[in-house]
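I've put the structures underneath this note.
What follows is a pair of complexes built around chain A, which joins chain B in one and chain C in the other.
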Partner chain A sequence: MTERVAGADRRVERQGRRRGVMGWVDVRGRRLGGWAFILNRLTGLGVLFYLYLHLIVLSQLAVGPSAWDSLLRNWFLNPVFLLLDVVLLAGLVIHGLNGVRLALVGFGIVIDRQKALLLAFGVLGAILIVIGALRFISDAGAK
Partner chain B sequence: MALQTEDPGMSRQAPVERWAPEERDTLPGVGWGWQALTGIAVLFLVTLHMIANHFVVTGGLRDYQQVIDYITNPIILPLETLFLIVVSWHGLLGLRAVIFDFGLSTRAERAVTRVLLVVWVATMVYGVALLAILVTRR
Partner chain C sequence: MSDTTSVTFRVHRYKQGDEDPHHDRFAVEVGPRTTVLDALTAIRRTQDPTLTLRHSCFHASCGTCGMKVNDHEVLACVTNVRELGTDEVRVEPLDNAPVVSDLVVDMGPFYARFDVAERPLVRESELVPGSHTAAGVPQSMRYEDCIECGICVSACPIAGTDPAYLGPAALAAIDRVRQEPRGVDVGPIMRLADDPHAAWRCHLAFECTEACPSNVDPAGHIMQLRRSLFARGWRRPSAEPQGARR
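Now for the complex of A and B:
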């Protein structure tokens, strides 16, 4: 019985996969969880891009103190860059909370009230992003 | 999987069609469970990373000397190294899932997995080398 249910789940999953990447932008019949899935993919790709950008930029630390400190003063503590940091934080918060939500639902810890969970995480995420934004922007030109 | 192939009742159904989607996840460290597990680890480590580098520093971000002081801390160094290992695995595993959404052949999927594994190893070599350089600067 369990085998049969698992088989049915896999078939549904494969049908979903057949829609491929175009399935992401297909708005027909999309529920709240579907939007969360797209958001998770987009923020994930964005944060992965940042990760490698970040690793490349960190090589300037190996160049020496003056290379890093001038980057910091001229670029990273510039208000425009700090705003981009807020965008990064938003991506991390959205991806992280959505990931926790997916794990809670996927492992069967939360089965009922998924909509309430999504709403609660949405509110929590918004609060975290606002707190981060206020802190980051206040750092402008601090060094 | 082995249990199901040995079941005579099941063998009447088209086995290749059934097993194909699972075959890609036979590699260790790959699959949804691993994405969740590494995700939980990343959640803790990225929170530490962001607080330590963006929230508690006087002047917002760490200057050179502050970075060296931070990274040579005996508690921070293993945690940041673990963060590098786990976050790149989680990220590349996610990218793999996105690429697989394009509906590739099994052969192409295997090639993608191999390439991403090489990218991960290269990331480790680069990251650990950079950490080693910075630790000796103390």
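Now for the complex of A and C:
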């Protein structure tokens, strides 16, 4: 039985099935380090996006105190924003810890134990994210 | 009673001049010890003689049967079909290399990059504890681990986006020369390794090390190269041609 390869074209063959940028987020067949690679890219893009968003939001300060206060009241204490705060925290923790891992392994300081380091940072990151999320929720409840 | 079961193989097909690649399905009877390569050669023998694939040794030493099976880069000759645990087995050529026909990719660019590393083909043998070299033989030698299968390049996400990347196998070979120069001037190849498209291009996914069927640990070698480059303070001379990687 014959079936067409999804999305295939001759350009793909000439270029040799090069995975391209979409290959970065193609999780098929990827292992632990591949997942760290994918997460690092996604969180990096997410944090970059947040940086611009942050600057846009801060620009409300220039409008005046009342504009800023209403932004805080109407938006940032909303549970959806609370969830986005947790997502942001997760992105920063993952990208930050992975950056430390990349520096330690990438400059040859920890090579043989790189997998153990990845697992240890994964556990540490999960703990930090859970603690941060609980803190956000309890702070919001107190307001 | 024969202990065989029918397994469907979904095989990537492409011939020069085809508009698009496609997949063909073949049912193959497999036994407990049937490998993917056994199944593919059986397909070619009994169902479709036009199926193109590469192999030679059938025992994980020539490196010619590298391909993707169920999304993982493997040597087909030592991949047991039943151990895959799927009713359908998807077989595709390696990624990040030009497809010549069906499951065969052009290894020319891969070998060309490997050449720049001076091909450290032999190394001193690590003897089994308690053993010794034969009388009159000063030092046992054996072949390097790398069987030049190209699996690491297929698994590497950076090779997927940077066609100029020297690649895991070539960088591992450079590091082997650095470790044991055996008369080779390491200066030029270390400068090559210092290129932005070489040792520093790796983003530490370690997929190459995980996929390598010969325990070469290319990513580990790349990290050791980096450590060496960093420690020695190698600087990339801006005027130097970088031809070998192009």
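Methods note: the second predicted complex is superposed on the first by the 113 of 143 C-alpha atoms of A that agree within 3 Å, B and C clash if a C-alpha of one lies under 4 Å from a C-alpha of the other, contacts with A are read in each partner's own complex, and residues count from 1 in each chain.
Definition applied: a contact is a pair of C-beta atoms (placed from the backbone, for glycine too) under 8 Å apart; a residue touches a chain by one contact, two chains touch by 3 or more.
Note that the coordinates shown come from a computational prediction; the quantities given were computed from them, not determined experimentally.
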item	value
First (chain B), second (chain C), both or neither touched by A:Pro65	first
Touching partner for A:Gly106 - first (chain B), second (chain C), both, neither	both
Touching partner for A:Gly33 - first (chain B), second (chain C), both, neither	second
Touching partner for A:Leu77 - first (chain B), second (chain C), both, neither	first
Touching partner for A:Leu48 - first (chain B), second (chain C), both, neither	first
Contact residues of chain A, present in both the chain B and the chain C interface	3, 10, 13-14, 17-18, 20-21, 23-24, 102, 106-107
Of all residues in chain C, those that touch chain A in their complex	12-14, 18-25, 68, 70-73, 92-99, 105-106, 155, 157, 159-161, 163, 202-207, 209-210, 219-220, 223-224, 226-228, 230
Complex interface listing, chain B residues touching chain A	4, 18, 21, 32, 36, 39-40, 42-43, 46, 50, 54-55, 58-61, 63-65, 67, 87-88, 91-92, 94-95, 98, 100-103, 123, 126-127, 130, 133-134
Complex contact set, residues of chain A against chain C	1-5, 8-10, 12-21, 23-24, 28-34, 36-37, 40, 101-102, 105-109, 111-112, 114-115
Complex interface listing, chain A residues touching chain B	3, 7, 10, 13-14, 17-18, 20-21, 23-24, 41, 44-45, 47-48, 51, 55, 58-59, 61-62, 64-65, 68-69, 72, 76-77, 82, 85, 89, 92, 96, 99-100, 102-103, 106-107, 132, 135-136, 138-139, 142-143
